[in-house]
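This report concerns only the one structure given below.
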Amino acid sequence: MEGRSAGDVIFKIALTGAALSVPTLLGFLVFELWAGSRLAIAKYGLGFVTGTTWDPVAEDFGALPLIFGTLVSASIALAIAVPLSLGVAIYLTEFSPKWLRQPVAFLIELLAAIPSVVYGLWGIFVLVPVLKSTVFPFLRDTLGFLPFFQGPIYGNSMLAAGIILAIMVMPYIMSVSREVLNAVPASQREAAMGLGATRWEAAWTAVVPYARSGIIGAVILGLGRALGETMAVTMLIGNRNEIAASLFAPGYTMAAVIANEFSEATTDMHFAALTYVALVLFAVTVLVNAMARLLIWRVGRGKPSGGQGA
Amino acid sequence: MNRVVWRRWKSRIMVSLLIASVLVAVAPLILILGTLIIRGAGSINFDFFTRMPAPAGEAGGGVAHAIVGTLLMVGTAGLIGLPLGIGAGVFCSEFPRSKLATTARFVADVMNGTPSIVIGVVAWTLIVARQKHFSGFAGSAALAMIMIPMVLRTTEEMIKLVPHSLREAALALGYPRWRTSLSVMVRTCLPGIVTGSLLAIARVAGETAPLLFTALGSQFMGTNLRQPIAALPLTVFTYATGPYDDWHRIAWATALVLIMVVLCLSLIARLATRQRFHD
Amino acid sequence: MTEPPARIAAADLTAYYGTFAAVKNATIGFASNEVHALIGPSGCGKSTFLRTMNRMHEVVGGHVTGSVVLDGQDIYGSKVSLTQLRRRVGMVFQKPTPFPTMSIYQNVAAGLKVGERLSRNDRDARVERALQQAGLWEEVKDRLKASAVALSGGQQQRLCIARTIAPQPEVVLLDEPTASLDPMGTQRIEETLFGLKKDFTIIIVTHNMQQAARVSDTTSFFYIGQMIETGPTKQIFTNPADPQTEAYITGRFG
């Protein structure tokens, strides 16, 4: 190996220290979450995630309504954001004039820079009043035969939270989808066009399937964001701990319960239960993100999306 | 209908739908920024930046305490987070195949995907629970934890853009490794690293969730990081969810200030990178 | 005919990438104040061989067996300082590599900063002399503070030569220095080399046989990792001893 100078040794020690800080932080994170929730883990075990009461006074805690709310609000977000962001991504990579690409992508990515609490503020005073007065009644009148759109209309609701989340995760899904679509070799397009496909057919049948696993990765990445998003959801979801079929009804999420109750908790068990919620949320987002990375990474390595029918 | 004609029409319809999705996607940005300006700008004056909040029910007052708090807390987070993040990023580019680099990169991805509220819980158990009181420093620590993995990734990406030939040229001149790294590799992509750091600062300046039970917020001017301290995003949250119209007015104005800070930082950062790497 | 004593010499040198030997058992001596050309088809190991002479081969993770002796000392010995070695054996690369954040002056002075301490006047003098030797002084003397990347490709390469010779190394290695240049730029570099051999021992890798014939005093031919033949350039090109050398210089392969 190289004969090292004192400068190189100091340099390497300093950098190693900085690099070590990263796994150390994760170690702290996992340990503190585990240690903080030990009381609740001992009392409830895995049954925590199926319990339906959340009663700080009686010290009885179960996270099912929170998990339900988290999943439902995130699903609404994806249902709205995925078609929109894919539409934008496909338009920008396949159809848009060149000069338009950067500005539009830039504007949408700016959405990612807006702080969550500002979305919450806008949601409370602009979005929710509009939803409550026009959009929700309209949905109830037209789609009221579905159980999701029945019952009394509240402003702060699962649907309101889902809509704001959709706006918030859109830039992430769009920019990653755009990257994977850009990575599709031009030969795919040309081959389809050569067979007489229209531009839309070329995009939809040749380009999108090729990038499929990367796009799924982008969507899952968006899901990860939606699951952990806190402030805007806390401000709009209504914070009621129950499982309701109607999307007009208020709900609660894992992140929101932590945000609302942590600074006011007084008993050790309450803290432990909230920390347990944080631990569950952390575990879920790690899994979701790992899956997303894996899928995006596969496209990045130039493999066409595997699987059947592509 | 003729099949070819139908296919051509279908293509046209789908492309119009795509264009519609672009319009729908851009609309929220315009709506949000528009409302912020309409509802917030009227309340912004000199007092707003220099005065303390007025008692509930009284008009006037400002958010000087939150501006000071955010500056102090984000500044401290930067002092901790930027050197560690940049250092770790340089490590990953200098020893790219080492075990530590692979681990740090992977862990950074995990932490970048971790909800900031979870980071807040950890900062609480690590610092607040041990010291038995809320503090601005605990808030800074939480923000630094968010910055480090972000800055690590951007730093490494930026150094990767520097051609390997420059490293060889410096080594061939007899530069020691540390000097090659700092005065050639890092120096060449310094604008990119500064950009990444600015983006990280912009991101944490708008963070609310990790401050809720660390810095807690405060109604008073405070410069002591060992005490609870105010911050702009916390002020927006408190005033937006409060019952008074006057509070809502302050929430809008504070949000406008916050977003101007955040957008200016990201705009500067993005424009700077574009110039450097896109031509 | 007696050989002049070698300034730098490789003995039984084998250079590996992992387990693959890119250069096998090469033994060549290079005399002072001459230009030596290394020729051969691409992939023959000539560039790898060149990079073992200042231990740049190790930067890309390779290793060597055998020895390279510079002024009687094995540069692969355990007490050798890499940074000092590379100050004595400078290198110019295929593509110009000016440091983009530095001015023309700073680029030339870059190697001086890590060497012996010089007064400002001495440093100015060294920079000027290096630029003159590299044939660039007249073109840049009025804009030494300008950015180095504003220069043309050929000027950038001469700047890199100036940067390499400013610390006054003993040996200068050039790895296909004109490969990315136009004919004008190539010609200027070749003219520069003539002047440089007064002060330095020069080893140049080139894939261009005419260039080797024009600029060098001795030539070594490499083929599939083997050093096939070394001798005076004239002899190699007019009367090669080895049939493979003859095949290459007459253009029958490569």
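By written order: A, B and C. Residues from 1 in each chain.
Rule of thumb we're sticking to: contacts are C-beta pairs under 8 Å (C-beta built on N, C-alpha and C of every residue); 3 or more make two chains touch, one makes a residue touch a chain.
Quantities reported herein were computed from a predicted structural model and do not represent experimental measurements.
Participant: Could you tell me between which two chains the number of C-beta pairs in contact is largest?
Facilitator: More C-beta pairs are in contact between A-B than between any other chains.
Participant: Among the chains, which one keeps its Cα centre farthest from the Cα centre of subunit B?
Facilitator: Most remote chain from subunit B, centroid-wise, comes out as C.
Participant: So how far apart, in whole Å, are subunit B and subunit C when each is placed at the average of its C-alpha atoms?
Facilitator: Here the centre of subunit C sits 48 Å away from the centre of subunit B.
Participant: Can you give the whole-Å distance between the Cα centres of subunit A and subunit B?
Facilitator: 18
Participant: If you average the Cα atoms of subunit A and of subunit C to get two centres, how far apart are those centres in Å?
Facilitator: 55
Participant: Residues of subunit A touching 2+ other chains?
Facilitator: Counting only residues that touch two or more other chains, subunit A contributes 2, 5.
Participant: Note the residues in subunit C that touch 2 or more other chains, in rising order.
Facilitator: Residues 83.
Participant: Any chance you could list the residues of subunit B touching two or more other chains?
Facilitator: In subunit B, residues 176, 179 touch at least two other chains, as defined above.
Participant: Touching subunit A in the complex: which residues of subunit B?
Facilitator: Listed in rising order, the residues of subunit B that touch subunit A are 7-8, 10-11, 14-15, 17-22, 24-26, 28-29, 31-32, 35-36, 39, 83-88, 90-92, 94-95, 100-101, 103-104, 107-111, 113-122, 124-126, 129, 134, 145, 148-149, 152, 176-179, 181-182, 202-203, 205-209, 212-213, 216, 233, 236-237, 240-241, 248, 251-252, 255, 258-259, 262-263, 266, 270.
Participant: Which residues of subunit C touch subunit B in their complex?
Facilitator: 54, 56, 59, 83-87, 90-91, 93, 95, 97, 99-101, 110-111, 114-115, 160, 163-164, 167
Participant: Would you tell me which residues of subunit B are touching subunit C in their complex?
Facilitator: It comes out as residues 163, 165-176, 179, 184, 187-188, 190.
Participant: Within their complex, state which residues of subunit A touch subunit B.
Facilitator: Touching subunit B: residues 2, 4-5, 7-8, 10-12, 14-23, 25-26, 28-29, 32-33, 35-36, 83-85, 87-88, 90-92, 95-96, 104, 106-108, 110-111, 113-122, 124-126, 167, 170, 174, 198-201, 204, 221, 224, 227-231, 235, 255, 258-259, 262-263, 274-275, 278, 281-282, 285-286, 288-290, 293 of subunit A.
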